[in-house]
Each structure stands twice: as structure tokens, then as C-alpha cells.
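I've put the structures underneath this note.
Note that chain A is present in both complexes that follow, paired respectively with chain B and with chain C.
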Partner chain A sequence: MSLVFDIALCALILGVAAMALLGRGLFASLAFFIVYGLLIALAWLSLNAIDVALAEAAIGAGVTGVLLIGAWQALNAQSALDPDPVAHWITRVFAGLGCLAIGGLLALAILAMPGGTGLTTEVIDTQGQLDLGNSVTAVLLGFRAYDTLLESIVLLAALVAVWSLTPQGLWGGIPGPRHRTRPDGVMASFGRLLPPAGLIAGVYLVWAGSDAPGGAFQAGTVLAAAWILAVLAGLQDEPEVTSPLLRAALLIGPALFLLVGAVGAGFGGFLAYPEGFEKPVILAIEYALALSIAATLALLVAGPPRRPGGAR
Partner chain B sequence: MTPSLLYALTGAGLIALGLYGFVTRSHLIRRVLAFNVIGSGVFLVFGALGHEGGITDPVPQALIITGIVVALSLTAFAAAMIARYAEDGGGGLDPDAEDAG
Partner chain C sequence: MTLIEILASACLAVGVFFFFAGTVGLLRFPDVHSRLHALTKADNLGLAFIVLGAGIHFGDVMIAAKLALVWFLAVFAAGAAAQLVARAALRTGDEP
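The block that comes next holds the complex of A and B.
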């Protein structure tokens, strides 16, 4: 894309970020933040980093936006809006000077960076051994599989942390409020129309992820979005957090990943894939991870249990 | 100026802007917003500097995807804590106001 487009996009990103951070109304700021996430996704697209663009649009703009709007709603429902103070002008002047200095130093460091070739050629040369066409997937599940394993466990840990905020007496209950919508309203229609499309898009993303942009994280997010939409439209209810089926869905990805890693210890090191079977093993991990990530993200958005469980 | 440099400098700008927002606006949700803006600024610096000849280095790309997910994990926990804080009555989010009252 042309440099003019890039310059305009960068200016827009900085402007929208300023509106999100410093704008007057909190809800407007949240709206600006979601726009900001989408613009950042465009920036990644312009840098030809399509996998990152997908992740940023789905996770950075989408799920983060939904989470923050949920927190905003909770604050709003309980009290008159909490004050949204602006620091004293002396603080603002010094903070401004300090941040200008930090930004300036970072810019100097960036300009002083020696140009390097990075690891692009190494990755492209070796990814054939894993029979993967997507270099990013090769790094995520091959060369840096350890990071990805820990990342999937970080997600689970976040869910445990969120669940630890369960109010007393509600453990084993159902997360979030029961949503009800007008059966012929916009939300109910969208709740019926979009999840099937989301399901197909999600399955496509994980299926294509080994050779084209996509992968378990992007797919998991789209699948989670389909579920969240069905819940918001009142067509489905969240499961009880102690449901064994739910626990299985949460654990299957990281558990399979760990198991493969442990078996790999017999083939020359933790997470070493058995020779000749790299691709099927990687695919199995990806599919299981997509399912677990979808379940984890959907429950992270739902939050800790708020209602007692039903049929027990 | 190459696109790589342009986006890396934009990332530096986002980090500075995010820090400024973090310091001067103390509302809990704004703090989480600022954390996310700083995070995406760091990712942009990291990814853009790995952009060479129309290709972005896949290693930073993979690490950035990991980073996005980790940032989301933190945001989810922060959002749940804010919601619980509100449900427990919370009170004003401005510590100075509480001192005065």
C-alpha cells in the first residue's frame, strides 16, 4: 500500500488513541478504543502481518472491547457513575514532559536500530520440515511451541482468577445474567443469523491456519463470539461452571499439548514432535486448542458465577 | 521513510500517549484502556521493526499473537475485578475524594 495511506492511517491511529485515552465521556472512550483496535488491525494488514491483524481485530478490538463494556455496565448499574477525574494541571505538565521524553528516547532508539534480516529466511527454510505453509503457525506450534503452550495455560489461569471472584455461596452457579430479548427484535434475529456464519468462519480459520493466515487463537475467538452472541440474544444460557463437559472443553487443548510435549521427551526433548508425524500432531493440537480457547474466552467474557445453578 | 519505520515510530508515540493517559486519568477503566494502548504500541514497535522487503518476520508475529492473548488475559481479570469492586459497593474511584469524605 502507498506511503500516503500509511501516513494517514498512523495519524488516525494516534488521534483515535488520544480520544480513547483522554476523551470526555467514558463510554465514548470505549467506543473509540474498539475503533482503535480495528485501525491497529489495518496497520498490521498494511505490514503484511495478516495473522496478527486477525488476532488484533478479533481479540484486541472485539473481546477486549466487550470485556471493558461489561465492566463499565457493572460500574454503572451499582452507583451513579463514578467520577472520572483529570489529574491536576501540574501533574499533567510533568506527565506530559516525562512521556514526551520517553517517546523521544524510544524514537531515537528505533532510528538507531541496525537493519537486520531477522529470522524470516530461517523460518521459511525450515518450515517445510513441519509440512506447514503458514510461517507464523510454524513458529507458534513448531519452533516456539513452548510459548504457545504456556500462553494457553495463561488463559486458563486468567479464567481461574476470574472465577476466584465468585461471590460467596454462588460457586457452581451460572455466569452472567440471563439475557432476554424480544423474540422478533434485532438482537434475537442477529443471534440466529450470525452464529452459523461465525461457526463456519471459525472452523475455516483453524482449518486454513496451517497453510494460510488463521490459526487456533483467531478461530477460537470467532467461535467464542458466536457463542456469546447466542447468549446475548437469550437463545442459549451459560453452563454451570462445575459442568464436567465444560471442564473437558476448557482442558482438552492444553492437556493434549502437554501430553504431546511429554511424549516428545521420548523423542529427544520436551515438545519434540515424532518425526514424520509432525503435521498430524500439530493439526490435532490446533483443533483441540481452538475448542479450548473458544470455551475459555467465552467464559472470561461471561465473568464469575452470578446465579445459583439450576437442576441440582 | 519506509513503512516499517513509520509504524515503529507510531508505536513509540502510542507508548508515550498511553503512559500519559495512565498517569493523568485515574478511572479504573481508563487505566485498563491505557494498559492496552501501551501494549499495542509495544507490539507495533516490535512487529514493524521486523518488517523487511514487504514481509514481516514470522517470529515477532507469533510472539505478538502470544502477547495479545496474554494482554487479553490480564484485561479479563481486571474487568472482573472492576465488576466485583462495583458490586461490593466500591465507592468513589478517586482516592482523594475518599480522604476528604
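The block that comes next holds the complex of A and C.
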């Protein structure tokens, strides 16, 4: 894209970041943070990193934004919001110095990198062995599969942490409040029209992910959004946290990934894919991961159980 | 400049004008309901013209259809969100 566009985008990103940090109201800061995520997604798009742009828009701006607003709402409901959240100037000076140090070190590391292309040629030369057309998927599930495995487990650990905040006596209950809407109202119609489109988009993203931009994380986020919308519209309640079906959906991705990794130990190393079957195995992991990520993100947004289960 | 380019640029300019009008309305109107009115109506029209301009610029039916789908989903989401915000504002006592 043109230089003028890039410069304008950089200026907008810096401006919005400043507004998110310097704004006095916490809610306004959250709104600016979400806009910041969308602008960063545009920046990735401008760098032709479409996979990263999709992930940033869906997870960085979308899910993180919803989680932050949910946290703000919960604090506000308990009147636990700090009315004057500006820290002491000494704290701010140290935070600023820390950011400068990290930013400076990162800049030094990037400027010290040899060559301009990094590992791009190596990846493109070897991704044919995995029979994958999308280099990003080849890196995420082939060459750096260990990182992706740990990422999916981190998500699961975050959900376990949220569930560990369940109030006494509500274990096995249903997360989040029961959403009631008028059956012919705007929210109910919205919740009926959008999830089918979201389902198609989510399945397409994971299906296309092996050869085109897309993949388990982007698809999982879109599927989670469809799930959250159906719950918000009051059309479908969240499942009980002890539901075996829910547990299976949460675990299938990381469990299959771990199983493949363990089996791979017999083929020459942890996470070594069996020769000749790389693509089907990677696809199976992608599909299972998309389902698990969708369930995990949707339940992270719903929060810990707040109502007893069984009584519908 | 070909006729196609002129047409695409004109559509983009009209789109930007509607976005500008919507933003002025958001900043200048006195209460939540009239601000919503300015935002949703003007911005959806602005997006429509920008989508139209981009569709003409690319000159490809598939791209134009995808852009039209984006516009449809955006209009639908904006309309639903505006209704919800308006109702929430009514409940907190902000008279239209």
C-alpha cells in the first residue's frame, strides 16, 4: 500500500494508543484499546501478514475487548472501580522507563538481525514436505508446533483459573447470567441471523487455513463469537461446567495435539509427524483445535458459574 | 483518468462526505438518541458509497459481491447495536 496510507495509519495507531493510555476514564481507555487492535490489524494487512491480521482483529480486538468490558462491568456492578485510576507519578515514571527499555532492546534486536527476509526462504523451501500451501500454518503446526501446543494449553489453563473462582456451592452450575430478550425483539433477531453466517465463516477459515490465510485460532474465535451471540440473545443457555460434552469439546484439541506429539516420539522425536501422513494429521489437529478454542474462548467470556445447574 | 476511475473516485468522495456528516452529528448533537440517529444513518450510507466505489474500482463481480456482503453485515450490526444502545439510554432516563 502507499506510503501516505502507511504514515497516516502509523499516526492513527500512535494517537489511539496515547488516548488509551492517557484517557482519564477507564471505559474510554477500553474503547480506544479495541480501536487500537483494529488499527493494528490493518497495519498487519498493510504488511501482507493476513493470518496475523485476522488473529489480531478476532482475538486482540474482539475477544480481549469483550473480556475487558466484561471485567469493567463486573467491577462497576460492585462499585469496585477506582474513581481516580491515575497512578502516582513515581510509578508512572518507572513504567515509562521500563517500556522505553523494552522498546529499545526490541529495536536493537530487530536492527541487528542479518538479512531482510528472516527465515522466509527456508520455510517456503521446506513447507512442501508437509503438503501445506499456507506458510503460516506450516510454521504454526509444523516447524514450531511446540509453541502452538503450549498456546492451546495456556488457553485451557486460563479457563481453569476462571472456573476456580466459582462461589461455594455453585460448582456444576451454569456460567454467566441468564439472558432474557423479547422473542421478536432486535437482539433475538440479531442472534438468529448472525450465528449461521458466523458458523460458515468459522468453518471456512479452518478449512481454508492449510492453503490460504486462516486457521484454528481465527476460526475458533469466529465460532466463539457465534456461540456468545446466541447466548446473549437468550436463544441458548450456557452448558453446565461439568457437562461431559462440554469437557470433550474443551479437551479434544489439546488432547489430540498431545497424543500426536507422544506418538511422534516413536518416529524420531516429540511432535514428529509420521512421514507421508503429515497433512491429514495436521488437518485433524487444526479442526479439533478450532472446536476447543471456540469452546474455551466462549466460556472465558461467560466467566465462572453463577447459577445452580439442573433447573432450566 | 478513465470514466471508471472518475466514477469510483466520486463514489468514494460521497462516502467520505457522509462519514464526515455522521461524525459532525456525533460530536454536535445534544443527546444519545439524536447522536445515534446521525451515526447509524449517515455512516451506513457512507459505507455503502465506499463499498460501491471500491466495487467499481476493482471491476470484479466476486469482489463486489463480497464487499456488498460486508456492507450488509455492517448495516445489520450497526442497526441492531443502535437499537440496543437507544433502549439502554431510555432505561437510564435519557429522554429522546
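Keep in mind that, in the parts below, the second predicted complex is superposed on the first by the 276 of 312 C-alpha atoms of A that agree within 3 Å, B and C clash if a C-alpha of one lies under 4 Å from a C-alpha of the other, contacts with A are read in each partner's own complex, and residues count from 1 in each chain.
Everything below uses one rule, namely that a residue touches a chain if its C-beta (ideal position, glycine included) is under 8 Å from a C-beta of that chain, and two chains touch if they have at least 3 such contacts.
Because the structure is a prediction, the values reported are computed rather than measured.
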item	value
Partner chain(s) touched by A:W227 [first = chain B, second = chain C, both, neither]	neither
Which of chain B and chain C A:F257 touches, first, second, both or neither	neither
Which superposed partner A:P167 touches (first chain B, second chain C, both, neither)	first
In the superposition, chain B vs chain C on chain A residues touched	B
Which superposed partner A:Y287 touches (first chain B, second chain C, both, neither)	neither
First (chain B), second (chain C), both or neither touched by A:Y273	neither
First, second, both or neither for A:F190, with chain B first and chain C second	second
On chain A, the residue positions that both chain B and chain C contact, one per complex	none
Residue ranges of chain A touching chain C (in the complex, touch as defined)	186-187, 189-190, 193-194, 197
Complex interface listing, chain B residues touching chain A	1, 3-10, 12-21, 23-30, 32-34, 36-37, 40, 43-45, 47-52, 54-66, 68-84, 86-87, 89-90, 92-94, 96-97
Residues of chain C that touch chain A when the two form their complex	73, 76-77, 79-80, 83-84
For the chain A and chain B complex, residues of the former touching the latter	1, 3, 6-7, 10, 13-14, 17-18, 20-22, 26, 29-30, 33, 36-37, 40, 43-44, 46-49, 51-52, 55-56, 59-60, 63-64, 67-68, 70-72, 74-75, 77-79, 82-87, 91-92, 95-96, 98-100, 102-103, 106-107, 110-111, 113, 115-120, 123-124, 135-136, 138-140, 143-144, 147-148, 151, 154-155, 157-159, 161-162, 165, 167, 215, 217, 297, 300-301, 303-304
